[in-house]
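Next, two complexes with subunit A in common: one pairs it with subunit B, the other with subunit C.
Right after this comes the complex of A and B.
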């Protein structure tokens, strides 16, 4: 333990620009892939230990090394305080297995939301206290409002706005509205040296 | 690079409850068992990391082949805060999903019931067998929910007539088989 070590900030900032809060709970870190510039706030939980136990037939036939990624997250994602990401699980060929959870770029996950989707596209905004059921598929440029319950296996098309319990399509993202999904500015406002919000 | 510090907070300083743990139990290291009354966990049950079992308000019993997901709280001290004989009794094959809360105070959750993500079961509520509480639904304190009821978060209810209870239990057993291999168990920490 050297005394030259800089003072410990609230976040760990990696070489690829990820900002991971020290108080976040990442289980099975070896199975979590962060694309870079992703913010993980305190009390976030990511279940990387729930890996796939049955490999797809095409892969096991070729003898390739098993892909053990449980959760993969793209660039400029923002995981708010208290949210939880976990891979979905189901019975597959008579045995239970978890499946990987894939998240694209510029995805915002609101506080206290639980995501068990199969895949989430890019530029998706998930509000606070949202529950996304197992194997839901959320495409690009989708806005999910606060308190929504997305049922399992639901597919949400691109450019839609969904809300309600269960989730229903209530509108579309307006023309030119897709710029609101950019998270680069938000990324700069957190971390150990936060920049003020640009006006 | 200096030695990485643990990301886990120090062990909770609350009272350590007397526990009766089955040898076939799978309980994660970072689960939280706290309180003053006894906690009984029956065989082949799986407790995920960061699940919280609190026996401050009375005895806690969890049946066979249950799955308690992360951040679920069983035995949360409700508004009344009174101490009773059996605070929470959870039957066999019960799934308590992420962030669900079961309040203490003679609360009963019947066999095969699924308590959905972020759902809340009030103190003294009696939930029947094979019920489904969908995400964010709430059961009021002292309410009695009949068997095979599906409770929706917008207040709707219906009776589950699919008759898939047996199949669900079988599926859950498969899931537990996988989880037992996946979650490093450390019952010694709580004994």
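Right after this comes the complex of A and C.
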């Protein structure tokens, strides 16, 4: 493993503990907020350039500085190889605008998944090859199984397990399953100095 | 074939019929089956299907000291809420409005995706195309429900709405095709109208039928029978002998009506009455001629394809529509399906079935995910993780190096079982596994170390300091490795030795299980391989013993009095280790 590692290190580790792969594609980095301790694997794409063009009426009226966050990600998130985060867009008062994409803490996004949700809560597990439609709202403690297609504007309440095309509720997260969403241990196993998985 | 990740299922004691999950009591008479204790649990028995659960699904009752599964807990509903708008529905509304969301939350009848209210785009008139204020009012009626997943819209069944809000109330008044439906109140008011009466009188003469929907028909019938009970027609008492049993007898009628209308109609006087009553004769009394002419449906079936008929799943998702015209011949075609109001979801608390203590209780608010009480089995009984173990040094022994690889028949394989102790006391674990797995294909199983002790889960700081003291942790890890004389990369140092623990950590212990998978070659006369019969499953009896504080409960065997008294506890249960599939 150590022999394959590039000399500079595969990841850029920031002061707040983010581990961002050098091969990840982050567009519009000034519009992307990482909460810290987030892992971004190679070939991940985050479209920070799709920033909101129309500010909400309340803000433009007060003359406050425009909020240019396109994607905000909480702590201990894990973006697997080849996934894509893209802010959703829609017509607003006759003009097209993007809306920010908000992601909570301990969110796992599986490989080759596309996320266009309006908001994703904390402790969410998104499997591989999942498509989350525009303006979907995913609440806390939700498990989205591999290959699911979440339709646009769908709301997934807490403690749901969804699967299928389109996504339908197939079960509830049991009481004892909350700890499985923790991504602290997974965070340590990647990076330039990966630790073995604790028992 | 899908790769199988190793799994551990634990059997809930509630499925043992003699004990029913009660704590074992020495004074009680022994189980009717004398060989109950000797019997090996068979994970493939049909009964086992319902008693095996992953650890996460199990709860634990602190008073009974017993595992509780989703099947044996008693659930109580804390909150009802709509899964789409996340609004709480008070239980009083539930009685009147039913178990569906009465806001504007609907699911697509074709694909169950969420429906959104959109304004129907009216085709602009060519002559008005030049008009500058064409886009001035982009949001104006009529409105329709549209599915963003399959592009179904409610205009396909001819339903449009005047307002973008209160869709549920509007939909209740609309029939497929856009025709409005009268509510019972409107119908009653219409009857008082003299103009309508005259028209109705003429209609009766011409044998014209008024279409009744289910709700009105039921209301009319109910009113008619109530009148009948109040004023029994004493004239026709033709079949007095059979009258008490037939549908037209007052006693059976009042019994049936009390069943369907909630008991308010039970008339004490009716019991004494004998005699038949007449049946409904006209639509005002709830009489509805059955239209047995199905030629239209048959013609439509011939014209359309199978895809145009509603599937069983789609029909099941349809809510009962009391605005329907007829019960018969309804919704056979996908083009007749109506939007589905979202079914409400619940938050539920769980009670122990024996002592009635609450073992899980979520916060009542819809948006919070916290629990007031959450006694999960995972914080009381050791978890078991399974990992294949590849040993290169052993000449004969080998295991699948890649997780999920198929097991070679008749070739010994090794698996590492890691037991992790969640409680703050050291526990003693005793394992028992049959030497041969039950079922048609018996694999040989050897647990190399069936008896061991796991240290307590005391050092909470260790976990917390891990993040900050990265270097210290690394040092500690190295030290631990040095002590035990094994390193992950050179496992060959470890010798497979009977009665010896493979690896040991702060609150975990790894042991080795050797299996010799059975050959799946079918002997003549045996049936074909059944589903999942190639999965190597080991039943294992786990007995956990520890010394805990004698909590102030009376359930424990230790007599109360001394606060410092330590109580010996034990918990024993069957579990099933699914290791992998055997190559066929």
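Rule of thumb we're sticking to: the second predicted complex is superposed on the first by the 192 of 199 C-alpha atoms of A that agree within 3 Å, B and C clash if a C-alpha of one lies under 4 Å from a C-alpha of the other, contacts with A are read in each partner's own complex, and residues count from 1 in each chain.
Heads up, the rule we're going with is that a residue touches a chain if its C-beta (ideal position, glycine included) is under 8 Å from a C-beta of that chain, and two chains touch if they have at least 3 such contacts.
This one's a predicted model, so the numbers in the text were calculated from it and none came from an experiment.
Considered on the superposed subunit A, subunit B and subunit C are sterically compatible, since they fit side by side.
In the superposition on chain A, contact of A:154 is made with subunit C only, not with subunit B.
In the superposition on chain A, contact is made by A:24 with subunit B only, not with subunit C.
In the superposition on chain A, A:175 makes contact with subunit C only, while subunit B stays out of contact range.
In the superposed model, A:133 lies in contact with both subunit B and subunit C.
In the superposed model, the angle subtended at the C-alpha centre of subunit A by the C-alpha centres of subunit B and subunit C comes to 100 degrees, rounded to the nearest 10. Legend: residue contacts after superposition of the two complexes on their common chain; A:95 is shown touching subunit B, with no touch to subunit C. Superposition on chain A leaves subunit B and subunit C with their closest Cα atoms 6 Å from each other. Once both structures are placed on chain A, subunit A residues 94, 133, 149 are touched by subunit B and, in the other complex, by subunit C. If you check the complex, the residues on subunit A that touch subunit C are 94, 133, 139-141, 149, 151-160, 166, 168-169, 174-177, 179-180, 184, 196, 199. By the touch criterion stated above, subunit C contacts subunit A in their complex at residues 55-59, 70, 81, 83-86, 111-114, 116, 135, 138, 147-150, 345, 350, 360, 366, 369, 371, 374, 376-378, 385, 418, 420, 467, 488, 505, 508, 510. For subunit A in complex with subunit B, the residues that touch the partner chain are 1-2, 5, 22-27, 45, 47, 49-51, 53, 84, 86, 89, 91, 94-98, 112, 114, 116, 129, 131, 133, 147, 149, 165.
If you check the complex, the residues on subunit B that touch subunit A are 2-3, 5, 7-9, 30, 49-50, 70-71, 98-99, 116-118, 134-136, 152-154, 171, 174-175, 177-178, 181-183.
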